[in-house]
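Next come two complexes, and both contain chain A; in the first it sits with chain B, in the second with chain C.
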Partner chain A sequence: MVTFNLLLNAVVTGILLGGFYAAVTIGITIAFGMLDIVNIAHPVFIVMGSFIAYIVNRTFGVDPILTVVMASPLFFLLGVAIFRFYYAVFESSGKGSLRGLAFFFGILFVIEVTLLLAFGVDYRLVQTSYIGPNVGFEHVDLPLRMVIPFVGSMALVSGLHIFFSHTFVGRAIMAVAQDEFALSLMAVDTVAIKQLAFGIAIATAAIAGGFLIVIQPVDPSLGREYIGRVFAICVLGGMGSVTGTVIAAFLLGVVETITSTLFGPSWAPAVSFAALLLTLAVRPSGIMGR
Partner chain B sequence: MTGHIFRRADGRRVSSPELSSRNNPGKGPRLTRRLFGRALMAVSALAASRSMPLSAALAADPIKIGFGMAQSGPLGGNGKAALLAIEMWRDNINASGGLLGRPVQLIYYDDQTNPALIPGIYSKLFDIDKVDLVLGGYGTAVQAAALPIVMQRKQVLIGTGAVAVNDKYNYNKYFQMLPNGSTARTSTSEGFFQAAMTMEPKPKTAAIVGALTEFSHNVILGARENAEKFGLKIVYDGGYPPNQVEFGSILRSIQAANPEVVFVASYPPDSAGVIRAAYEEKLKTRIFGGAMIGLQYSELKQQLGPMLNDVLCYEFYVPAPTTNFPGIKQFLETYQERAKKAGADLLGFYLPPYAYAGMEILEKAVTATNGLDANAIGRYIHETTFDTVVGKVSFAANGDWAKPRLLYVQYRGIVGNDLDQFKQLDTQIIVEPPEFASGTLHYPFAASSQ
Partner chain C sequence: MRRIPSWIWPVAVAVFILTLSRLVENEYYMFAGYVVLQYIVLASAWNILGGYAGYVNFGSAAFFAIGAYGTIVLDKLLEPPLMVAILFGGIVASLVGLVTAYLTLRLRGVFFAIATLALAIVLQTLVMNWEFVGGPLGVYTIRPDSIAGFPSYVNYLFVVMLVLALISVLVARAIERSFVGRGLAAIRDNELAAECCGVPTLRLKVFATMLSGGLMGMAGAPFPYYITYLDPNSAFSIAYSINSIAMPLIGGMTYWIGPVIGAVLLAVIQQVATVTISSELNLMIVGVLLISFITLAPNGIVGLFESYRQQRHRCSST
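Then we have the complex of A and B:
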């Protein structure tokens, strides 16, 4: 029987889950939504972040989220390097779209196989003090394993929102997303701006990887499970909108958990994607799309 | 091959007594110039001799055994462990003169736990690689995809780790190395429900939940039949998609239905998710567990640690006085040593002994029929009871084990995350079937008190 408590818990859990989805999608929002780069390899960068968190946690006992925050500058540099190659080979010659997609497919497989060779195929988990305990309020009982990534995710997307709306570089990135040509007429180095943005997108993948391994066990091929979900959230939120991404992620999370509670978990993906299609039918540009 | 002799990663043959004394360095002969000279002469003589059976065997055309095996994807961990066991068998057979006097060559491809890749892999094995014998990969979905192709070629297929694949075909040359028995759909969960019915007072309600995948779907169908057979009312019955991330809402819905028995059929990441959610939601029930794939793996055992306490789950093998089959101890010692280098499951309790036993059966059938005729091999396997590292094995008409022997094991007294504790006899108690029981069921499930 569905009680008020059950429903309330489902909504709150859905919001926590949505927060996590926002963290895994925000990099796609930047790369795909703003820069028009179909970085299909984004989830595998997340898994890479998870494995770094795992190895440091296993070896030194360091908190996985702290580890990925510290590793994010390296991911930023990796993102910059990948973009430079991508730009030089594909985008500058106007062959960005389809060949670029193949390029990122290639990156996905290369990283996945590298992880397989380095770590094997076993599922990896981490040990932290917040895996296991709950925090309880009057009617709601929340696993800390979901709460901590949620808080981290909100800090990440809030920081990015402030960066994009209140800093010169952030606004330049938004301007590139709107009209790259117009920006170049103002003597702005749009390639450098895009390079920076792509680096930030990959850096967010590292942080999302820390959240991922706290929430669930990770194996090298796990990233594939997330490809559909992250692109769906990005499109639903409205291409390039950080706020839209967060709203769409919450929507998907809440719809999933409520469906799971009311009708059974087998219906959750169908109902979630029906909600996606319905929203796009009403607002083809997404929730916050222009 | 007589007895149980295993080959280490460095190629040395080891038998049980040698394994037990392998930690005594310095007892072997020292390498002197004289000894080196003699060894050189011996090697030269061996190479020159045409009458040596070993060199003759290795010079002959190899017998090619082909298969797809998951080395990546959700079941890659098991596939890697199974592959290591098969390679151990190959090393042993080649070291003892080969199969029918011919060396054995394994040809395998990573099926990525993806049944869509299976037709291509097996077509290549038959048409390009020209294999003599084939094996099934790990998992129900990939074996279900391989069987029709193998049937077309009228070959023998020995698989490891699939449920009810041959139910629709009744192919007489298919054999399954899984102790679920010929009624695998129901027998996979039967031990769990039998254990549940030993509780006093007897339970009346059950929850059944599982992943929407081939394996879990089959198991859930059987679990429903068993629940009905034992007079349990199903108060929660649900499936979840394979990429489910959050399990708290499922566990809360189950808790709201207040079942006395909770049966779960899950894949490795889900198993970890369900166990964690049960622990976090302080699930209150009398018995909790089921056919949860993954809890048999070293990595998940180690990482979940105390959260496993009181969970009742199936295992293929755990160390117990009742499971001390001839050769199993030596097999595991050699396996565990090689697994460290191979990056495979460190304990090797789950699939490796069964994959190895499958190869022992194939070896005996080929040797006894003195050829590679699929009909003769199939007939011989059906007619024979085999002594293997997993005990006596005989097959029913549909190729599953004639007598089911799935162990239902309750984890007890797990403290911390030390893997070695799972090698002890008192941390994994066999409660079903009764002839293998090493203890009785502890209930109610104590997630709330952990």
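Then we have the complex of A and C:
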């Protein structure tokens, strides 16, 4: 029998999970929603971040989240490099879409197999003080390993939100998303703006990767599970909208945990696909779509 | 003198391979050849939608697995002949293609690509939770006794796959030269313009998805008998998805021969690499080849060959 208590716990866990999903998806929201670059390799960059956190934690005992925050500039540079390559080969020639997709699919594959060859198929975890203990309220138990990533994700997403709405560069990125041509008429170097934005997108992947390995053990192919999820959230949220992404992430997190409470955790991956198909069929512009 | 119809060449090659299969004693060649032929089907099928119309399907593994698990279900219920199982797999897979296509193809092509990617994961979840077909543990299939007229059951499977490969190549060829192929090419080049010129774009795309998915399902149907033990990880292996994209891209996507060249080349490399190196590394080879071809030779081997021929033509004419 599903009690009220169980349901309440599911909803609260879902919100925590949803917050983390927002951090996972925000990079896709930037790359796919704003820049129109279908980076299906994004989840694999997240897994890469997790493995960096794992290695550093294992050898030096450094906190995984601290590690990925330190590593994010490197990911930023990686993102810039990938964008330059992508732009030079696909986008500037105007025949981007199909080949760009296949290109990122290839990247996904190469990174995944490299991780597989280096680390094997085992699940890896990290050791920190906040993995294990719970914070309890009256009827709800909150595992700290969910709370910390939730707080971190919210900080990341709100930081980005402020960046996009209040700084010059952030607003330039939003402008590129809206009308690139018009922006180029204002003598703005749109390619440099997009390059910066894509770098930020990949940098968020590193941070999300740190959260991921705190929440659950990670193996090289875990990224695949997240592909459907991140795109479902991004589309549901209305593509380029940060607020929409957060709302959609909470929604999907709650629906997923309720599904796994009612039907068993093995059904959870199906939720995102259902959400994606429903959104595409009913309201392709998403919650916050224009 | 009348021209020899050009469909004769694929048929002749198939007949030649058939004769060869009767002469070769070593069963390993049948096993390896089966995989190569299977990839010819998958690559040609993918190319009908991906190459001609420019819509990327990331879920070839899903359609393949539908065929494979279709056979398992039928086998448990009625033990029908293989032909029935192949037809069943093809029909179910094309129906799944119909639904996915209808829901997502009205939008931008990217959404279709993402939906197919997610489709593979969801169907795998479904199979994992379905005890009747073995769930996560997988299921054993018993090969029927060998069929009259064939030296062994593996030889029979090889011939079946040879016929399927021939069918897919002929279908792809027929599509390419019909109004459907021209319509799909128009969609690839400029969908809006095609729509304005009266090309029934949605209907053509849905049709291509059904055909492509159906052929992939048919390729998957004999698979349980081939490996005799089917589990979700092998049926939904991402190797099928990446290979069916990489093979047409490497071979060349505009003509039917491209996927065939790509499939033979990559599948043979992988068969050799699996035996000599390791199976993870051969996926790496595919990934690296895929990236290098889309960046350096976007029109594949056929494209390289064509530009070489054009260059020579230009040199000789001046």
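Just so it is clear, the second predicted complex is superposed on the first by the 268 of 290 C-alpha atoms of A that agree within 3 Å, B and C clash if a C-alpha of one lies under 4 Å from a C-alpha of the other, contacts with A are read in each partner's own complex, and residues count from 1 in each chain.
Methods note: a contact is a pair of C-beta atoms (placed from the backbone, for glycine too) under 8 Å apart; a residue touches a chain by one contact, two chains touch by 3 or more.
The shown structure was predicted, so the numbers you read here are calculated from the model rather than taken from an experiment.
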| item | value |
| --- | --- |
| First, second, both or neither for A:Glu256, with chain B first and chain C second | first |
| Touching partner for A:Phe231 - first (chain B), second (chain C), both, neither | second |
| Which of chain B and chain C A:Pro217 touches, first, second, both or neither | first |
| Touched partner set for A:Leu116, first chain B, second chain C, both or neither | both |
| Which of chain B and chain C A:Leu280 touches, first, second, both or neither | second |
| First (chain B), second (chain C), both or neither touched by A:Glu91 | neither |
| Touching partner for A:Ser266 - first (chain B), second (chain C), both, neither | both |
| Which superposed partner A:Leu125 touches (first chain B, second chain C, both, neither) | first |
| Touched partner set for A:Asp141, first chain B, second chain C, both or neither | first |
| Chain B/chain C common contact set on chain A | 116, 225, 264, 266, 269 |
| In the complex, chain B residues that touch chain A | 70-74, 76-77, 79-80, 112, 212, 238-246, 248-250, 252-253, 256-257, 268-269, 272-273, 276-277, 279-282, 294, 297-300, 303-304, 307, 343-345, 417 |
| Contact footprint of chain C on chain A as seen in their complex | 32, 38, 40, 85, 89, 95, 97-99, 101-103, 105-107, 109-110, 113-114, 116-117, 224-225, 227-228, 231-232, 235, 264, 266-267, 269-270, 272-274, 276-277, 280-281, 284 |
| Chain C - residues contacting chain A, complex | 50, 54, 56, 58, 103-104, 107, 109-111, 113-115, 117-119, 121-122, 125-126, 128-129, 238, 242, 245-246, 249, 280-281, 283-284, 286-288, 290-291, 294-295, 298 |
| Of all residues in chain A, those that touch chain B in their complex | 1-3, 6, 9-10, 13-14, 16-17, 20, 112, 116, 120-125, 127, 131-134, 141, 143, 145-146, 215-217, 219-222, 225-226, 229, 253, 256-257, 260-261, 264-266, 268-269 |
